[in-house]
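Note that the chains are named A, B, C and D in the order they appear, and that numbering of residues resets to 1 at the start of each chain.
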Amino acid sequence: MTSQPTTVPTPAAATAPPDYATPIPTRWVGPLRITGNAAAGEVHVPLATYETPLWPSVARGARLSRLIEDGIKVTLVDERMTRSVLLEAPDAETAYTAALAIHARTTELREVTRRSSRFAELLTVRHEITGPLLFVRFEFSTGDASGHNMATLAADHLLTHLLTHIPDISYGSISGNYCTDKKATAINGILGRGKNATAEIHIPQSLVTGRLRTTAAKIARLNVHKNLIGTLLAGGIRSANAHYANMLLALYLATGQDAANIVEGSQGVTYADDRDGDLYFSCTLPNLIVGTIGNGKTLPSVDDALTRLGCREDRPSGDNTRRLAAITAATVLCGELSLMAAQTNPGELMQAHTRIERSTGSPA
Amino acid sequence: MTSQPTTVPTPAAATAPPDYATPIPTRWVGPLRITGNAAAGEVHVPLATYETPLWPSVARGARLSRLIEDGIKVTLVDERMTRSVLLEAPDAETAYTAALAIHARTTELREVTRRSSRFAELLTVRHEITGPLLFVRFEFSTGDASGHNMATLAADHLLTHLLTHIPDISYGSISGNYCTDKKATAINGILGRGKNATAEIHIPQSLVTGRLRTTAAKIARLNVHKNLIGTLLAGGIRSANAHYANMLLALYLATGQDAANIVEGSQGVTYADDRDGDLYFSCTLPNLIVGTIGNGKTLPSVDDALTRLGCREDRPSGDNTRRLAAITAATVLCGELSLMAAQTNPGELMQAHTRIERSTGSPA
Amino acid sequence: MTSQPTTVPTPAAATAPPDYATPIPTRWVGPLRITGNAAAGEVHVPLATYETPLWPSVARGARLSRLIEDGIKVTLVDERMTRSVLLEAPDAETAYTAALAIHARTTELREVTRRSSRFAELLTVRHEITGPLLFVRFEFSTGDASGHNMATLAADHLLTHLLTHIPDISYGSISGNYCTDKKATAINGILGRGKNATAEIHIPQSLVTGRLRTTAAKIARLNVHKNLIGTLLAGGIRSANAHYANMLLALYLATGQDAANIVEGSQGVTYADDRDGDLYFSCTLPNLIVGTIGNGKTLPSVDDALTRLGCREDRPSGDNTRRLAAITAATVLCGELSLMAAQTNPGELMQAHTRIERSTGSPA
Amino acid sequence: MTSQPTTVPTPAAATAPPDYATPIPTRWVGPLRITGNAAAGEVHVPLATYETPLWPSVARGARLSRLIEDGIKVTLVDERMTRSVLLEAPDAETAYTAALAIHARTTELREVTRRSSRFAELLTVRHEITGPLLFVRFEFSTGDASGHNMATLAADHLLTHLLTHIPDISYGSISGNYCTDKKATAINGILGRGKNATAEIHIPQSLVTGRLRTTAAKIARLNVHKNLIGTLLAGGIRSANAHYANMLLALYLATGQDAANIVEGSQGVTYADDRDGDLYFSCTLPNLIVGTIGNGKTLPSVDDALTRLGCREDRPSGDNTRRLAAITAATVLCGELSLMAAQTNPGELMQAHTRIERSTGSPA
């Protein structure tokens, strides 16, 4: 079961091979120095992108990380993959009775989940009732897989089981959008989906000045004005950052991830604190979806990338993917820090762009 | 000026070439039949993705479009690219005075914009004041470019101009996140950013039954329960669809777009109506960011794809890109319709997945 | 402890009596017929409002409820009151260690809660980490009180306890806005705060036509277009209704509630279904905050209102307030149904307004 | 036309008088010192609330305002009242044609508006298309009225006019929830609805220490952690404050406003800046809906309150209401500042509450 959970094939077309491969320019940038509870050491990272100024941007953050003893510390605080099914009842009273019955069968549902896959484990069942509609959200651990498909397969078994055993409910949908996959919502951050990781760095004042050409106070202030207040005024939802999506896309493509998950991955919070001139800077990514096995992970370029990242080692189930999550969060921090520093200085961004333009002879 | 607007390079790294290219499996699917105010005719579309079940999913929608005289009609209703700058004042009173002064200089700002690029045209200036902060949002037309960089360059000139001519304000940021780029917010849909397009199709009852194996009533009901109510309960923001992000990502990668823009692109609304057994089905994408010139568009595979899509013709400025926007919206509709139809039938999704799994020998 | 949790008095002013009372025009409307798991029977409801057309609007729904055997069925599915505290750590790693330590002390925290009040019971502890910040959300049952103050008092004790026993964290705030009180957010609906109740009614076709002068299909369609899609496009968050805030405000004022809680109370979802010409109509209020004891409940007019509503009976702890929640949800349904029916007919709303204007001689 | 826009009466009930008045405890607090473009001088404010600790809380801010020469400066930056109608077309193409035709008739629509009321003036027409649905948002100036009813009446005339003159569209709803009234959304802040006002104060360090018992740094930090980040994590929408809803409710009730508008009124942004030890503190309320004429404003207690507030003077149309808006924003600042200061100090909030409890002999 490796296919993408939200599409439906027809048999004939399913077997068709690709016509060709679209080549995405890729550079290994780094190394980054990483510490924390999921990865440690120095590692280069592959960034596949058409937006090649991303490479020097991340590289600047990476160089900085090596000048600091702990480098970028990544703390992984949660992990789970989810799928919500939708059940219909004749009314809310019946939906509520069904919800109680479902929760009473949790042990049994764990067993059904195990039978669907040897890696999936049902962690929690949640529900929400709206009128006669009953949304049931299953949360799973999925080993080293990002787990979309494992969760969908398990949900399919669970749904069939519920429709067989719980009276007075009927099929609504295998996915009720209460999961939520590839949509920017609040629920994933609040209840958890994917890895929840914080990358953080403490930068002495001398490096803030010397390497980032700015001050801790300026970065902290810009973070409040731009990422927190600017995004708020734009009507953002659970998000405050400059450009997480750029780094996520590039690393996702290079490592065979389902890059459509940058939609929810892009929802994260940058925090900057002026600590007596030193800079504390962190990127929290509550909805970081990555895997090291499953769909796309056996393609040679992907396999090579994962191997070089140290995510093909013989480790306990889940640890290779936790390492990849840590590397991803650290990479996001490098690019975010670099851009935020640049934006504290009027004109720096455009001057850098103009330099690249000249050096590469790109047309205007 | 072809570089990505939200990253900062250093000179040395900027000139470095890619190490290699990450190959993304790509298939041309179709043809789709398209009508409307920006494109007409039948066209195959290239989908670059690791999630290959997307191909047959879109193909099913494409086949259906050819059985209907008008096919998929796409109506383009707006286009603009934006960048917001952030200015700081000592207090709100001063910020307000500055805002009035800025609006009074609109003609002059149009001229500054023209000097920054021969394609950029300043359409509108908007602002919002919060405490002493003044966010100014510039809206531009940008010809055939998606316009991120053109808008950033113009904003840089405009910002310098404002800082020179408007008293009592100081630099806050070249981007105040009120633009909004690659973040899911409400402002882009409400004020406009990128193309705003609706793709729609009228499917006779016989085809709904015969080709989609469902009914108009079932699809309309699922759309309300899953896309509208499910996303709402998940805490979504201006979004109600099943999986726009998947189709956008695949087409963006194949055509050299900045695929991080799927974040806001994924915010759109699916609408389904049971019209006496026939199905009206539409996908509205208010934040669709595409271009046919600019960064990444000269790579051979991208250039080939754009040529084959008919987006390299000798047309009035902007028309090639409008055509691409229409094709993109139609492609989104194909995949969305196919998945929604599948989800009306219990088990269909997993059965299809299992078929693919067997046929391709993929591991579980 | 009866005071409002989010204000701070100074001693001198605290003892000052009111200067006078602002009189809010109040009518008892009904009776409504109610069934369900928290209230049953027929009951008039008091509506205190300057917007007096609300009275006949609710009255129309109430009359309809009496023509149906089950009337309005209200199902209460959850109840809890929350307060979040904010703790600061030097970094995310320490915040995570602290979070684990806090969860390990849950039993002890339950005991601390009990010592703070004889009615408060700690149900659940949740947390979220962002950078070095640790938000801890306590969920309580609070008997017949709405529980703002009880939760604040308990949180104050819990916070002191945590600061004493958990190393390396410091005080951030007694309230971290992650609760969330009197702000429209997604968290309350997802995690629960106040009562979560659905009011629903099944109306035969003859009554839909005869009493509401519309059809089930028209109401269902309007609900999708206006409440679901219209609110979505406006950038709403977890909300889809026409005017819950109006009914909540009027009933809250008449029964001594803290009416600022209509902010989150107004976030609810109206659902309408055409069932072969009959109408299923429901209002789900996930964040309904009411109490029958505590601040303001001993004022004579409030005490009278609660007594007349049957919410001063000798019942198990919490049941009087559950009854009030059910009555409130049913009242919301009456007003919502009435307005939705009116808006299906062009001109009906304004004609009704003009009639009132003439009959009362109100100035333009 | 004084009635509430979102309810429908029946003739019999419409003439019924209130049964009685619910008395809300009210105190005049202050005076506040106010400057700015809509009000100047010192003024007491009436606060009607069951949550009486609000009085000393606002009083503390008021006392502070009198120790500063400029007091609280309020800058009013925008005003308008809105109503959106919903039109249905057979498809998006037709909806788009209709939208263009509507904009082409703007002059004519201005005339229709004038005929509906001598105070209403049509400022702008906006639209959004989703599938076959056309939402048209009318923005009006409404003199001294808050303008709900004036806008609804004008929209009713405009809607009839459009249905008569624009081909191929049909009635959807007199209100499409794209207005948006009494719902927390993003559109009101972005496009404007009600008054948009910022209240701000500069407090010297000595007063921050002496009167607020805190520091500018502590308040600025708490504002970032609690109001900005805490609300963000809770899934808030365009909102970052501690308790605007409390002050708005109390002042709205005392002055005869439609207090259900605190729902959107509560969406505002508190900003605090440490300026070398001095505190800059502001409250921005982008959706502040107030009026001095219209429904409820002729009740004796309301009329007295408005007179005493200086909002019954002989001024150009709109100025009395602008004054009321300024007073309201300043009152919000007083309560917000007071609470924020208290929450910087562990235990202060509960100690104050306990003092009140003892002094008033309130039961637990």
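The rule is short, and it goes like this: a contact is a pair of C-beta atoms (placed from the backbone, for glycine too) under 8 Å apart; a residue touches a chain by one contact, two chains touch by 3 or more.
In this text the structure is predicted, and so the values were computed from the model without any measurement.
Participant: With contacts counted as defined, which of the two, B-C or C-D, has more C-beta pairs across the interface?
Facilitator: C-D
Participant: If we define chain centres by averaging CA atoms, which chain lands farthest from chain B? Would you check?
Facilitator: Centre of mass proxy via C-alpha means gives C as farthest from chain B.
Participant: Roughly how far is chain A from chain C, going centre to centre by Cα mean, in whole Å?
Facilitator: Spacing between the chain centres: roughly 35 Å.
Participant: Centroid from C-alpha atoms only, then distance chain B to chain C, rounded to Å. What do you get?
Facilitator: Each chain's C-alpha centroid was found; their separation is 38 Å.
Participant: CA centre of chain C versus CA centre of chain D: separation in Å?
Facilitator: 21
Participant: Hey, what residues on chain B touch two or more of the other chains?
Facilitator: 128, 130, 133, 185-187, 189-190, 229, 233, 235-239, 269, 271 - these are the residues of chain B that touch more than one other chain.
Participant: Quick check: in the complex, which residue numbers of chain D touch chain B?
Facilitator: Residue list for chain D touching chain B: 36-37, 73, 75, 77, 91-93, 96, 99, 128-133, 185-187, 189-191, 196, 198, 200, 202, 235, 237-238, 269, 271, 273, 280, 282, 284, 286.
Participant: Which bits of chain B are touching chain C when the two form their complex?
Facilitator: Spelled out, the residues of chain B in touch with chain C are 186, 189-190, 224, 228-229, 232-233, 235-240, 269, 271.
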